[in-house]
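Each of the two complexes below includes chain A, the first together with chain B, the second together with chain C.
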Partner chain A sequence: MSAASTPRRRPLLSSRRLATIASHAYIWLCLILFVLPFLALLSQSLGQRGGASGLGNYAAVFGSFGDNLFWSFKITGLTLLIDLAACLPAAYALVRYPVPGKRLLFSLLQLPLYVPGAVIGLSLLLTYTFVYKIDSMWGLVLAMAVGSFPLMMTPIVVAMKDLPVMFEEASECLGATKWQTYRRIVFPLIGPGVSAGLLLCFIIVFNEYLVTLFVHPPALETAPLKVFNLVRTNGLAPTTAALAVTMQLISFLAVIVFFRIFGTRHFKGTYIL
Partner chain B sequence: MTTVHLSNVTKHYGSTVAVQDFNLEVADGEFVTLLGPSGCGKTTTLRMLAGLVEPTGGRILFDDQEVTWLAPRARNIGFVFQAPALFPHMSVADNIGFGLSVKGRDKAFIRQRVDEMLDLVDLEGYGKRLPAQLSGGQQQRVALARVLATDPRVLLFDEPLSALDKNLRDTLKYSILELQRKTRKTAIYVTHDQSEAFAISDRIVVMNAGRIEQIGTQTDIYLKPRTPFVAEFIGANNGLNGTVVAVDGSGDDAVVRVDTGGLLLRRRGRTRLTPGQAVLAYIRPEDLSVLEDGDGRVHLNTIEGTIDRLIFEGASAQLRVEVAGVEMRADISGGQRLALVQREGRVRLGFDDVTLIPSEAEAGTAVVTDGVPDEAGPAA
Partner chain C sequence: MARLRTAAFLAPAALLALLLLYAPLAFIVNMSFTVTNSFLSPGGPVYSLENYAAMVQRYLPNLFVTVQLAALAMLVDLVLGFPFAYILVRRIRYRDLVRALMVFPMFGALYVAFGMSFILLPGGPADPLIHAFGLRNTDLLFSLPAVVFAMSIFTFPFMVMSIGTALSNVDPTLEEAAACLGARPWQTFWRVVLPLTRAGVVAGSLMVFGWSIGAFAEPLLLGSLNEQRSLALTLYKRGVVENDYGLSSMMGVVLLSVAFVVTYFSLRYSRGALVD
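Entry: the complex of A and B
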């Protein structure tokens, strides 16, 4: 057998293998960077200070912090409803009708995304104090809705734009009214946009403390505000860390639940053209 | 049973004219096709019939009912789109039953009607599937079943086969025709595909630049084009500019002689052309035959030219011949096409039919082609 026909041995460190190792390393590095703060918080939440320790810290979350979590859920839920009620018709109108200055209008509607939370909080505080004197939970809910509705609006507008108008035309030619068409055809088909909007808004509103700090009524303290206040006055107590971890888990669960519910039904590229 | 009547229907988008003074009567149960190149206004016309586009002017009537300003849902039409447009989140059965369900029909009736429709389009047992689980042809059949389920007055088709491959197009176009015949619905069909239009229509409306060029049966449009556009758009045609030099005789035996700058063409039959008139002369490639020496056939016209090339296409062959500085195309079929493969040099071509259209003939004007009188437009 000649030397030329002997297969060459694969080098131990080929450029391709090096690239594979590097990309794996990069992914792990990113993961560690993202997860590390959460792990630190988790370990802090299991620490000992005062009476309780370990999982005992979590008893406080559902005991003394229960009210704060309840308010957070209530404020978030109401905000989502208001956002949805405002954005569904607005997105439909923006995409389907020739609104003059559409682009400018859409850019203006995005404004709350670019304005710092403190600025929104301050301006809303001024508005509420001097104009409306709203001193109830609704002031906070409306403040949250103002700050978060672009997050609901954008994915719904994108989904509407992606939805061929042909489906609506087919429905109307088959005898459906505008409302029947919207309820039975448009709404289910923009599902991915709606669920993405709900998810984004939930996470942002549930964890928001800066705007809350400005406009919350004295008797109402949401969970993130509680964490902020406790850390400011008390330092990072294990019970506070436990509340923070719980909030993080709730957000994480929300992501999983949303993707389980809407992902299987709507994210599979349902349009056939 | 419905007749459709469009009178002076016009659509302008700003200064752009999409459709201008469209007049058409469609008889009950008739299958009419709007044929034309893209951008000629055929789809806009169909969408105005459906109520998806509001006309700028004119009237649309279904029987005696004016529907010009009615919403699509109030017209009771069946619109089949270019894409099947099946609702992707609903099963085939729910898609077919949609039109009945939005009108509040009871569930048992809908179920029975859906089964009937699935049976009609040969898709029994497919009711539970999602549209994504069907092939393109099956989806378009479901789309047909969906519009037929509501028992519409008029069927409107917007190039329903253009997204499908050729074999499927061929089978489906006959399915559409068969369903229309079976249900005896008035149908208006839009396409840019001549063979599709010729295969399924009772009458064809040729459109160009928002206007009707000609309305007629397949043979009318093919054999007696009324405008240069129709002559050039339908089938292949050899077109020559010329001038009438003389009209000999009268009545059915009149012979018009036309000089096309080097060629002298003759055409027999009734005419209203006068000497000196500028005309466009069209000769169909299949009307040209190659004359061999000692050929007994006598043709009204004989021309001679040099063979440029022969394109062998299997069943037929295209012979390109240069005659008096103009390239003419002759379609040769049968054994002669094989004999021509090796042929070079001069060749004689004979033909009888020439279509003469006055050069000023334009769409929308009442120009009568110089042809044999027919019901659509009597010649002099």
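Entry: the complex of A and C
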């Protein structure tokens, strides 16, 4: 009796189990490949070349590159504000109001994402120089904004679509004005979607070097542009690696904080995260 | 009244796109028909097709290299990305961790290329591996495979997410049904999974191709002179360094046209449906 009831022992390495192990191994191999360039930069930035000790490189980041980091934060912050001002009302109108040619309009607003950075850069450089006569920081901010606002738009549109109209109707029935409804009902409920948009725009704009290379005012060098220029002129210096590592760590920190607070589901529709 | 409100809501985004994207693009299309620097000359711009003739006569190899790099990067992404997306959607529970690590390439092609050049440098960490294959560092450091590899790492997350979204809409019971009916694993893949995810695969591939067309840092930092002929880099050299606005605008227009055609088909397969 006991012999019949004991389950047949499974072989230690069945083909099923092998497949499972292989698939996990594959995922981790790919993930290591993704992180490898970052790890290489990290180990290089801690290395000692030219006498400076590892952490000395990071002291340089906040010393001589402090200006560049400051500009990066400033430009990114201003860009995010402009993106918000452009995307919030547009996403609301696209979802709630009858707009003729809605699909076409949405596609036209998404198009900046697909224009190669070098082309955006060149076209803005030429128009700033010959038509708009802009040569201040705002030229760069506007260039960043036009390249990144579609990234913010998509999560907001998705969040708006997931929000039933009845909340707004109820609020209006109860006597709230339009503005009160937007501020008290709509904004809080689409908050996570907006934050997802903010995060995407932040990591793209904060690390953007290509458009910046074309349109930056002479006296202004953001941190990614500094990395680019140093790599071209100064070769593979540990301090440059330290700056690149700092930029990536700040971005990664933003992603981790976001994931912990809101989770990942708000990136639905962006095809990016 | 309602119409006015709609217009007011859409105005900021529309103005941003119109003034800072569509108008400048129209401007460089116009510029691409002017000779060298004639736009600046007091006599007014001289219009001709000279730049496009130069494209056909001198710069076809550049276009070829650009398309070749993008196509190879797309292929690598497709071959490595499909299994990755499949395992990620069907087998993995720690998906958030994978997603978090997957953002690293997204921080920018610049860092990827910069890091890769450290890895491939003589005396770098990849030395034993490279020598094991009987190669020298210089075979890899400034070469086409290095550029393609860096480009495909950068665009990999886009491919995986596009395929993964399509896959998560496919009911797993369909695969089980196929297996129950006696299909072998590759038959299930070929006859059931692939047809059902075709839209995601095509859209993802086209998107990756479109993004790779404008690659800038990878050919510059990892490529030989051949890869450095890619259009985005040539555009920068001609336009910003040598101030030949006509010629570089023409290259911009060519790049733009390729990117737009690719994007059009990509969007037809995936998005657009979002606001309906």
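For this structure, a couple of remarks:
Here is the rule we use: the second predicted complex is superposed on the first by the 250 of 273 C-alpha atoms of A that agree within 3 Å, B and C clash if a C-alpha of one lies under 4 Å from a C-alpha of the other, contacts with A are read in each partner's own complex, and residues count from 1 in each chain.
Methods note: contacts are C-beta pairs under 8 Å (C-beta built on N, C-alpha and C of every residue); 3 or more make two chains touch, one makes a residue touch a chain.
No experiment lies behind these values; they were computed from the predicted model shown.
Judged by the touch definition given at the top, the superposed model places A:N234 against neither chain B nor chain C. In the superposed model, A:S171 makes contact with chain B only, not with chain C. Judged by the touch definition given at the top, the superposed model places A:T154 against chain C, while chain B stays out of reach.
Shared-chain residue A:L33: touches chain C; no touch with chain B.
In the superposition on chain A, contact of A:S14 is made with neither chain B nor chain C.
In the superposed three-chain model, the partner touching more residues of chain A is C, compared with the other of chain B and chain C. Using the contact criterion defined above for the overlaid structures, shared-chain residue A:P188 touches chain B, although it does not reach chain C.
Shared interface residues of chain A (contacting chain B in one complex, chain C in the other): 270-273. Of all residues in chain B, only 50-52, 71-73, 76-79, 81, 83-89, 98-99, 102-103, 131-132, 139, 146-147, 150 touch chain A in the complex they form.
In the complex of the two chains, the chain A residues touching chain B come out as 164, 166-167, 169-177, 180, 184-185, 188-189, 265, 270-273. Put simply, chain A touches chain C in their complex at residues 20, 23-24, 26-27, 30-31, 33-41, 43-44, 82, 85-87, 89-90, 92-95, 97-99, 102-103, 105-112, 114-120, 122-127, 130-131, 142-143, 145-146, 149, 153-154, 157-158, 161, 203-204, 207-210, 213-214, 224, 227-228, 231-232, 236, 240-241, 244, 247-248, 251-252, 255-256, 259, 263-264, 269-273.
Here chain C touches chain A in the complex through residues 2, 5-6, 8-10, 12-14, 16-17, 20-21, 23-25, 27-28, 31, 39, 80, 83-84, 87-88, 91-92, 95-96, 98-108, 110-119, 121, 124-125, 150, 153, 156-158, 161-162, 165, 204, 207, 210-211, 213-214, 216-217, 220-221, 232-233, 235-236, 239-240, 245, 248-249, 252, 255-256, 259-260, 262-263, 266-267, 270-276, going by the rule given at the top.
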